[in-house]
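One chain, chain A, links the two complexes that follow: it is found with chain B in the first and with chain C in the second.
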Partner chain A sequence: MNLAVDMLIGAGLLVLAWQTISGRSLFRGIVLFVVFGLTMALAWARMGAPDLALAEAAIGAGVTGALMLVAFRRLVRIRPDQCAQPALRRSRLAVPVAVLAGGLVGVIGLAVVAVERDPALAGLAVTEALTDSGLGNPITGVLLLYRNLDTLLEVAVLLAAFLAARTVFGEDESRPPTPARREVPLVGALLAIIVPLTILIATHLLLAGSREPGGAFQAGAVLAASGVLLVLAGRLQPATALSAGPAFGLTLGLMLFSLVGLAVMAFGDPLLALPGLWAVYLIETAMMLSIAMTLVLLFAGASGLRRSGP
Partner chain B sequence: MSASEVLASLLLLTGGLFYLAGTVGLLRFPDVYSRLHALTKADNLGLLLVCSGLSLLAGTWRAAALLATIWLLGLLAATVSAHLIARHARAHDAAGDKR
Partner chain C sequence: MSSAMLYVLVAAGLFGIGVYGLIIAGHLLRKLFAINIMGNAIFVLMVAASAPLDGRPDAVPQALVLTGIVIAVSATAFALALMVQLYRVTGQASLEQDPDGDD
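Take a look at the complex of A and B:
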């Protein structure tokens, strides 16, 4: 029964992946990509990786899907002719490259299966060391205590992505300002329930991240979802000027992580050696806020946000 | 198999049937409104049945409360999105657009 479910998910992923890139239209491809992300999250959950499942559902399917939909909407406005075309034109090299890649994966997979495995010493050492640090979730522990430079650079990459996107925001000056729609009463009720709940869930994910599945990236994506809702409902309006609040939010994670990472050197510790659990929580909170701010601004396609409405 | 397990399986199966009916409606019904009707009504009931079945299987009040919250959130999302889609469709109908 379990095997049947796993095989169904695996086969579904292959079909969805194929349909996503070979779909008849761009829009269909985007929708299928979101479905692919949710199925992938299911696959991660089945493989016992709830952290990855959460990240895939929140970032891979949710935020990326929203970003692609907003990009599509803009494409409809500036290049209506491109939207009707199929998503991808197939190159003559596609089939040989796919066959080669598939063969390579197969050979490596067979080799891995055939090799007699040594016990994973690094993993054992890490889990042992982490029980001392008070971080029960090995993923958060590895991300912040052992691969902290990677995590820092991931936050930097996100900021770089926003700055790169910002260079093209200006090209869309002709777009009409979001019309002052009459707000649907139900949407106000939805926001009143969903936004506080999202903040609660993000905080829970952040705090739980030290013990169980969760962490700054998942929490940031969930927080960003409520920001996206507010932008969609017109409560937050995109602004062209970068104001102090969003700029602070964008850089907070990177700044705080670097500051704490550098400050420990004054006490004779190596670069980025986090001094304790409080530092982990502090940096994770800052990273969550930065991630959420970056994603919302990317979605709004703006350098800033201003409040409007009631 | 205990009595609660039998009841849970029945609930899960019935829930699955409602989902199936909702999906068939989505695929077969002629226009936006009747499709929305099929999807939101049948799926909300299906979700309730599936959540009840799962809470019976889990057997704790905590799990039951969490599943009930999930159902309520699902209801909220389905209601508002169905309302917005229907509103949008109606605005386009009034403008004489073809869908």
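Take a look at the complex of A and C:
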């Protein structure tokens, strides 16, 4: 019975992936890619990885889909008449290369599954050590206590991607996605319900991340969704100049993480050895805000945001 | 067949589809779909092939994959910006020199 569910999800993934890359319309491809991401979230849940399911649904499907849609709209806006997409190329090598590559991955995976499965030493050590650290969620524990350099650099990569995108993109496309003051009835009421709820969910994900599935990245993506909504509704307008608020938000996670990580060295601890649970919460909160700000600015395609409307 | 084996096979299939899509795609957005699908295949492989501990999944590969998902989004965002700028400058969103060219 369980295997049947897995088979359904696996078949769904393969069909969706195939449709995404071979479909005729680009827009349809984007929508299918988002559905693929959501099906991936189901697969993660089935594999016993609820943290990954949350991350995939919020970041992998949600944010990536939104970014792809907004990029697609920019393509259409640059040349509305010429939306003829280059057709799929023909290549005689494509099928053999793809079969070989897939086969390689399959053989590696099957070999790993087939060998005598020793419980991973790192995994055992983490599970044992985390019981006295107060972090019930082993994923958050690994991310912030053992692989914290990875996590720090991950925030740095996100910031670097934003800066690189801004550098490439220039400022001449600062037309807002939605004009300000085009008030549609009910939008205000809807925002008044959805935005506070989103903030509540993000805070819950962040706090729950120490014991249950959740964490800074999932919370940041959910928080970014409310920012995207505000941009789409025209309440936040892209600004050409980076003002102090967004700049602070962008760098807060990286700065605070680095500061705490360096400060512990003054007390004789190794670099990035977090002094306690309070530091984990502090850094996760800062990371959540930075991740949300970076994702919203990437979506808006702007260096900054300013308030508009009533 | 175990569930781990099934997901390893799914990963292999996804990777193959991703490579195929990467080769045949003309439009850069399609190439990005394909690259993301390949990345997801590797994520599935890492989690499916890791040994469980006392019936619970191993946290270390999951944490690595969580990092990977965020890095993938960062790279995709940058790639999308590059694509839009390329389209703005050259008027086409593919890497081919001419319609018949084979790069």
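Some notes on this structure:
Heads up, the rule we're going with is that the second predicted complex is superposed on the first by the 284 of 310 C-alpha atoms of A that agree within 3 Å, B and C clash if a C-alpha of one lies under 4 Å from a C-alpha of the other, contacts with A are read in each partner's own complex, and residues count from 1 in each chain.
Please note the rule applied: contacts are C-beta pairs under 8 Å (C-beta built on N, C-alpha and C of every residue); 3 or more make two chains touch, one makes a residue touch a chain.
Because the structure is predicted, anything quoted here is derived from the model rather than measured.
By the touch criterion defined above, A:Gly65 lies against neither chain B nor chain C after alignment on the C-alpha atoms of chain A.
In the overlay built on the shared chain, the residue A:Leu190 is in contact with chain B alone; chain C does not reach it. Legend: residue contacts after superposition of the two complexes on their common chain; A:Gly304 is shown touching neither chain B nor chain C.
Look at A:Arg79: by the touch rule set out above, it reaches chain C but stays clear of chain B.
Judged by the touch definition given at the top, the superposed model places A:Gly209 against neither chain B nor chain C. More residues of chain A lie in contact with C than with the other chain of the pair chain B and chain C. Residues 2-3, 6-7, 10, 13-14, 17-18, 20-22, 26, 29-30, 33, 36, 40, 43-44, 46-49, 51-52, 55-56, 59-60, 63-64, 67-68, 71-72, 74-75, 78-79, 82, 85-91, 93-95, 97-99, 101-103, 105-106, 108-110, 112-113, 117-120, 122-124, 126-127, 138-139, 141-143, 147, 150-151, 154, 157-158, 160-162, 164-166, 168-170, 173, 215, 217, 291, 295, 298, 301 of chain A touch chain C in their complex. Those residues of chain C whose C-beta lies close enough to touch chain A in the complex are 1-21, 23-27, 29-30, 32-34, 36-37, 40-45, 47-54, 56-60, 62-67, 69-78, 80-85, 87-88, 91-94, 96. Looking at the complex, you find that chain B touches chain A at residues 73, 76, 79-80, 83-84, 87. Listed in rising order, the residues of chain A touching chain B in the complex are 184, 186-187, 189-190, 193-194, 197.
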